[in-house]
Amino acid sequence: MSTFAEIAISVLLLVGGAFTLIGAIGLARLPDFYTRLHGPTKATTVGVGAIVVSSVIYFSTLGRGIGVEEILVTVFLFMTAPVSANFLAKAAMHLEVKTTENTRGQTWDQ
Amino acid sequence: MLDRLSFPQPWLSLTLFFTWQFLSDGISGGSVVLGIILAWGIPQMTRRFWPDPPAVMRGWRAPAYALRVLWDIVVASVEVAKLILSPRQPRPMFICYPLELDHPLAISILVSTISLTPGTVGADVSDDNKLILIHSLDAEDEQEIIDTIRARYEKPLLEMFR
Amino acid sequence: MKSNTLILHTAALFIMPLQLMFSVFLLFRGHDEPGGGFIGGLVASGAFVLYAFAFGSEATRRILRVAPRDLLSAGLLFALASTIPAFLAGQPMLTAHWWELPLPGDGYLKLSTPLIFDIGVYAAVLGTIMTFVISLMESDE
Amino acid sequence: MILIALYITIAMVTLAALLNVYRVIKGPDAPDRVLALDTLYVNAIALIVLLGIALQTRMYLESALLIAVMGFVGTVAMAKYLKRGSVIE
């Protein structure tokens, strides 16, 4: 395996892990449900995406063909993350979950 | 009868066919036959609720849009990461965004894009498809966010779907 | 402001075909790699459940074409039918038999009794779960 | 080099999963818990892919895809339940 591929794989792995961790920190740290929604939809999706891409590069440098499953996983995550976020936000609005005091603007009735 | 033999969503059928070829480890006689059956059968099954295609659809603009969104997703994650790791409290805001798009497919794409890009989550669509409720993680000014979304995402989508 | 379920509708339209394709993939690779009729049937029912959330039970019944209960019993019959070749050959029940059908080009369509059994299980699992879900939906309405 | 990066990444993702579990336990509201579970399954996908790299096999990728597919249906079902008080409207 070339050094370049090794570096690319390692960097992608570390970046992916870091984003996944940051998404989880956001989930644990941010003050209310709606702000917590941001961590998982963006940081975690990107993090897992990066890890999956590094897996694609790894197996293709081993000469076992390009992985369609990996690409399907990524496409699936990027398609579903906004939908689950939207749906959970609707559920939270229905339950009238509390927002932090400095939130401006209004939620909608469900 | 002819209706039953057609491919109601040609693009969906093509995608399904090629995905199947890749999934089943390369092209062979068996995978082509099964791929055609699936590419015909699945869209036939689900055809009832597909919205009518928009009058004009400029599909060739899609890759440029996808690349822009992909780049923005990376930028978005870095921004959210910075905000999560910084000690200051975020200033969240709910924003009503007036839509210019009217095709359901285009609206869905816009809301998904908003959810994946800097500091915003598309929370809801009103029942007349005229407004989107956006939750912004760290907003200064409502109008600024609306203008950014309008210029960066809605305009290209308006070009694509008429 | 009233809201609607536009996003779920569009998502269901795009995601359900992929799920169905994946379920068929799991079904066909069942004999020598992970996968098989049971998990394929589960993924397929996941797809139909998503469709049911988006468009309601009536629409789901319509795209299934057959009543889920009939699917269940047809699946069981199919699984039972896969034992017939072994029975005719006088071997123990469920002994595997293989046939290869030549196809145009140089491909073969591999048919086997385990595959028939798997298809039966697939239909039975799909039928069972859809019977649950649709009757729950309709008792709720 | 890849091995070291792999171990560090596995550690980070595991820590992320633990933070998600903390949010599942703490709540405070039902949507928070569902959101944490949603993130947890995405982290599980990451762990499976990492395990696949560590063991040099692509066998586990189907299970990753499977978790992605079924996890999404599960999240939608739970969100639906929260919205209506019953899973099916």
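Residue numbering begins at 1 within each chain, and the chains themselves are lettered A, B, C and D in the order written.
Here is the rule we use: contacts are C-beta pairs under 8 Å (C-beta built on N, C-alpha and C of every residue); 3 or more make two chains touch, one makes a residue touch a chain.
The shown structure was predicted, so the numbers you read here are calculated from the model rather than taken from an experiment.
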{"item": "Of C-D and A-D, pair with higher C-beta contact tally", "value": "A-D"}
{"item": "Identity of the chain that, by mean CA position, is farthest from chain A", "value": "C"}
{"item": "Between chain D and chain A, distance of the C-alpha-averaged centres to the nearest whole Å", "value": "10"}
{"item": "Distance from the mean Cα position of chain D to that of chain C, given in whole angstrom", "value": "26"}
{"item": "Distance between the centres, which are taken as Cα means, of chain C and chain B, whole angstrom", "value": "29"}
{"item": "Whole-Å separation of chain centres (CA-atom averages), chain A against chain C", "value": "31"}
{"item": "Sites on chain C at which at least two other chains make contact", "value": "1-3, 7-8, 11, 15, 18, 22"}
{"item": "Chain D, residues touching no fewer than two other chains", "value": "62, 65, 69, 72, 76, 80"}
{"item": "Of all residues in chain B, the ones touching two or more other chains", "value": "19, 23, 96, 111-112, 122, 124, 126, 133"}
{"item": "Pairwise chain contacts under the document criterion", "value": "A-B, A-C, A-D, B-C, C-D"}
{"item": "Chain D residues within the chain C interface of the complex", "value": "59, 62-63, 65-66, 69-70, 72-73, 76-77, 80, 86-89"}
{"item": "List of chain A residues in touch with chain C within their complex", "value": "72, 76, 79-80, 82-83, 86-87, 90, 93, 108-110"}
{"item": "Parts of chain C lying in touch with chain B, wherever the complex brings them together", "value": "1-4, 6-7, 9-11, 13, 16-18, 20-22, 24-25, 28, 51, 54-55, 59, 62-63, 103-110"}
{"item": "List of chain B residues in touch with chain A within their complex", "value": "19, 22-23, 73-74, 76-77, 80-81, 84-85, 89-96, 111-116, 119, 121-124, 126, 133, 135, 137, 139, 142"}
{"item": "In the complex, chain C residues that touch chain D", "value": "8, 15, 19, 22, 26, 33-35, 39, 42-43, 46, 49-50, 52-53, 56-57, 133, 136-137, 140"}
